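Letters A, B, C, D and E mark the chains as written, and numbering starts fresh at 1 in each.
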Amino acid sequence: MDLATLIGIVIAFALVIASIMMGSGLGLFIDVPSAMIVVGGTLGATMIHYPLKDVLGVFRVVKNVFLSKVWSMQELIDRFVEFSRKSRREGLLVLERDLWTLNDNFLTKGLQLAVDGMEPDSIREILEIEIDCQQERHRLGAEILSTMATFSPAMGMIGTLIGLIQMLRTMEDPSTIGPAMALALVTTFYGALAANLVCLPMAGKLRKRSQEETMIKEMVIAGIIAIVNGENPRIVEQKLHAFMPPHLRESRFQSGAI
Amino acid sequence: MDLATLIGIVIAFALVIASIMMGSGLGLFIDVPSAMIVVGGTLGATMIHYPLKDVLGVFRVVKNVFLSKVWSMQELIDRFVEFSRKSRREGLLVLERDLWTLNDNFLTKGLQLAVDGMEPDSIREILEIEIDCQQERHRLGAEILSTMATFSPAMGMIGTLIGLIQMLRTMEDPSTIGPAMALALVTTFYGALAANLVCLPMAGKLRKRSQEETMIKEMVIAGIIAIVNGENPRIVEQKLHAFMPPHLRESRFQSGAI
Amino acid sequence: MDLATLIGIVIAFALVIASIMMGSGLGLFIDVPSAMIVVGGTLGATMIHYPLKDVLGVFRVVKNVFLSKVWSMQELIDRFVEFSRKSRREGLLVLERDLWTLNDNFLTKGLQLAVDGMEPDSIREILEIEIDCQQERHRLGAEILSTMATFSPAMGMIGTLIGLIQMLRTMEDPSTIGPAMALALVTTFYGALAANLVCLPMAGKLRKRSQEETMIKEMVIAGIIAIVNGENPRIVEQKLHAFMPPHLRESRFQSGAI
Amino acid sequence: MDLATLIGIVIAFALVIASIMMGSGLGLFIDVPSAMIVVGGTLGATMIHYPLKDVLGVFRVVKNVFLSKVWSMQELIDRFVEFSRKSRREGLLVLERDLWTLNDNFLTKGLQLAVDGMEPDSIREILEIEIDCQQERHRLGAEILSTMATFSPAMGMIGTLIGLIQMLRTMEDPSTIGPAMALALVTTFYGALAANLVCLPMAGKLRKRSQEETMIKEMVIAGIIAIVNGENPRIVEQKLHAFMPPHLRESRFQSGAI
Amino acid sequence: MDLATLIGIVIAFALVIASIMMGSGLGLFIDVPSAMIVVGGTLGATMIHYPLKDVLGVFRVVKNVFLSKVWSMQELIDRFVEFSRKSRREGLLVLERDLWTLNDNFLTKGLQLAVDGMEPDSIREILEIEIDCQQERHRLGAEILSTMATFSPAMGMIGTLIGLIQMLRTMEDPSTIGPAMALALVTTFYGALAANLVCLPMAGKLRKRSQEETMIKEMVIAGIIAIVNGENPRIVEQKLHAFMPPHLRESRFQSGAI
């Protein structure tokens, strides 16, 4: 679980709901036709805008906003140092036994290629195409979410206009004006929530998450190449440290030989 | 038919109409002078902005938003593998018979040039100029639609201002204020619909469609060049696979001899 | 006359006026102080923003929005083919007689330089400086119009604020509120019209017109250079065809020799 | 005095004031707390945004919006042709006598360096650093003015919100609502005026003025280098003409020798 | 203390508060649920948008907006001239004694590396990585503050919508409408203050501060390298002067021998 996303959602929605509850019940703010216009209209406009498979792809990509990265950099370095030690002692093939213990597809695939005896350059090429594809998926996901953030307030306004026009045309009993206008404004409220608490910040997190994952995967590639080349565990650690900011680099080796 | 465009339009408009019907009849939202100002004013401003032939070109280009691509990548690869097999066995001229069965002008034209014995470089040059022209038409179409998306809410606001000014000048009977203001707001409603459910998302789809078509046409060029060069069917498939993301590449050849 | 500009202005203003006439007389929408604030204020802000000579230059440049280009590409090619034929038969000097029949300054100046025996490179250099100056004038004109399109709605809002403040301070007789507010909104109406039906679309057309004229003038340069170099009429046509999209190229020569 | 700035300010403010006077006295539009919020709040936000010395620098730089350039290009060329003639006849040192008659610091400093016998390359280097510093000052001035143009309407809105909230909380006597709301709107009026008639257009003029001055100073550098190199007066004129658009170049020499 | 930030905050808030006090008590403008929505909602959206550690990092980075730089350029140059003189006379090691008197981590770390006998190139490399990390932290801080400046007015609008809807649904007693709407507007007021007097200008100052600090640190690097290379004090001064605008350079050496 990505803690910040969770905390952010809880804080933002808890405060909005709490502040509503202080003045009235939540019931005033629940209106199905308003939700239909904002959610449906936004989805509809997004489907006219993007190909169907890209729109569906957003839902798969959005789950990354809630997941934290599988590996911390430090864990990954420790793992590669261990792999390097093993494979230098007993050969690359010994790593095959570890493959099934890893719960990360990218790392598993990369090690499999290494164990299969593929050349370092080919391994890098295959894995980098995979990174490119993932980055493109994430970039597209963030772009679609940003587009949705422009459509949802517009749909909110369209819903409010519908409510206002209906109210104004039929206002015979002045006592109904207030509630009708309140209902009309609920659509604007939904549109603003959808854009500012859902679409925009999720697009932002997706971009950040994509950067982090790309970095981690670049580290995995560097680690696998180092192991295939039979590098010394210390060198492996040093090469992977290059991906971290200097003040976080912490060697597991006592500074000593080499 | 492009499914996403169709579903998107149905969802968006169905929800807007359904949400209107829940509160009143559709009649409240139909007003000819409002439509005249939004549609006519937007068209007028667009014609002052762009040359006449570019504005007319939009209507021809917009149909692409509703059409799906003629060829899936897989179909195209299968077709080229077949062409390659035939032409290696019986010579390039045999392809002339297939020309009339293809319902794609670009592919037909390219094969015709090949059958006519033109050099690969000249074929590429001629076909790429055609791609450039098409891209420019689509880019211009998307640009004009985006411009219309800025004019239509502005015309909506102008229409609402007209209605408001007329209402405010002549408000003697308070009971007419509501309906007059409702009518004034209908123009804003039209402007917002035109921008957010028509112009903006169609401009977006046009850009996407143009990318896809360009990719397909680049594949056609690569395929024709490969056939003119007399490449082996397996090589043809492999060259065309380069245009697809790796996880979609699916060879029709059992992995075996070259 | 540029047909699109004319049709656009007629459509847009006719529809706005028609839609006004359906609800009331035009008189409601004519107010001299409002016009003074929007037009005068926009001009004033523009003069603080740009040097005096640039602001005055806009008026000279804006007429291009209404003029169509002097030459169609096809006419120009025909003319150059004829020049090339004549000058190859009777020498460059014979073109001097045609100079006075051309109603295009740029072409006349270029041919005069050719007839005077100037080197091709110097002709190109002199004429290209002229194109650069013209492009800069047009670019500046379009930029100033865009700036005016941001000032005019702001001045409209300022005028409406003035009207609202005056109305609110002195509202003793409720029956005057409506008309006073109507009057206040007329300024917003003017500002929106000025920005969306005048400044923005004219800035757009000016940019397009400048592109077209630059293309035509580049063709004139290419044609003059070809004639000075004594190229064969067929080659002249072929060189000038390069400026046109392929599907519009139409040779006047039966495809035959050479 | 820059004529356009002066005329622009007079036109814009005269029209705003005239249009106010037609409906009421100016008194309605003068409110000290509103001015305090807009001017003070904008200045305050600007001082949080920029270092103190940059904010103070704006006031020194803004005077350039009202000044016209000291030299016209033609005057400058005439002056340099004269310098060149003198210094070729009597040596560079003779120019020292003229130094005190020039009321332009940049030209004086440049000539002083020349008279002191400095190398052309060093003169250029020293003077160009001065141009860079001046450009940076002007760029920063224009940037700060643009920032102020975003803060001032925001402060206007904040002031209006304050007025509205106070009015709404205490509305017992309906007859006070109008005047209180009018007062609240005055702040929005000030914010709009400050942004659209002061900050934005002045930022624009500052950018233009900076371009012109840089051009003039580049001419001064070119002229001084030419004189130090002992160029012929005709060559000096020709080199300086390169900075002017061709149709403005007007030689003082009868076309004759050389 | 950064004087401009302090003066700016005092001016802006003093004027806003003064202008409130002229019309009513401050009490009208204090509302806890409104503050909860604006502050909490903005923080929540920011945490969904950015990783937790980046959001927390903003608070550490924001203090730089209030601090002035530790060293003036002139002080720094004087210090390095003194270091250079000492180390040339008594060797680099003598500087170790001064290390504990410096209250600047960056300078201390750099000198320590020099005293430890590290090569100039390695010193530069290590220190520049530190500058890059700091710049990235500041850039990220300014970016997050700008993002908060787009969320806070949106949260203000959401809060006002909540208040309006509650008011409109339950308006039985017209005398409560005013105060309820006043309360609703307080949220918009908070959102506008947070964006325009806090987030936006602080993001600006942070960018400026980061530029200044980077410049100072680049000077420190240049100074340390010069000392390690055993440069003459005059040369050290001259090299560091290159970071200052020419009119501020003031040599401590009488112009005399080299």
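Rule of thumb we're sticking to: contacts are C-beta pairs under 8 Å (C-beta built on N, C-alpha and C of every residue); 3 or more make two chains touch, one makes a residue touch a chain.
Computed from a predicted model, the values in this text were never measured in an experiment.
Path length between subunit C and subunit E in the chain contact graph, taken as the least number of steps between touching chains: 2.
Looking at the partners of subunit A and subunit D together, the chains they share are E. Computed centre separation for the pair subunit A/subunit B is 30 angstrom, with centres defined by C-alpha atoms. Distance between subunit B and subunit D, defined via averaged C-alpha coordinates, is recorded as 48 Å. Listed in rising order, the residues of subunit E touching subunit A in the complex are 33-34, 36-37, 40-41, 43-52, 54-55, 126, 129-130, 133, 147, 150-151, 154-155, 157-159, 161-171. The residues of subunit C lying in touch with subunit B in their complex are 2-5, 7-16, 18-20, 22-24, 28-29, 65, 178-179, 181-182, 185-186, 188-189, 192-193, 195-197, 200-202, 204-205, 208, 212, 245-247.
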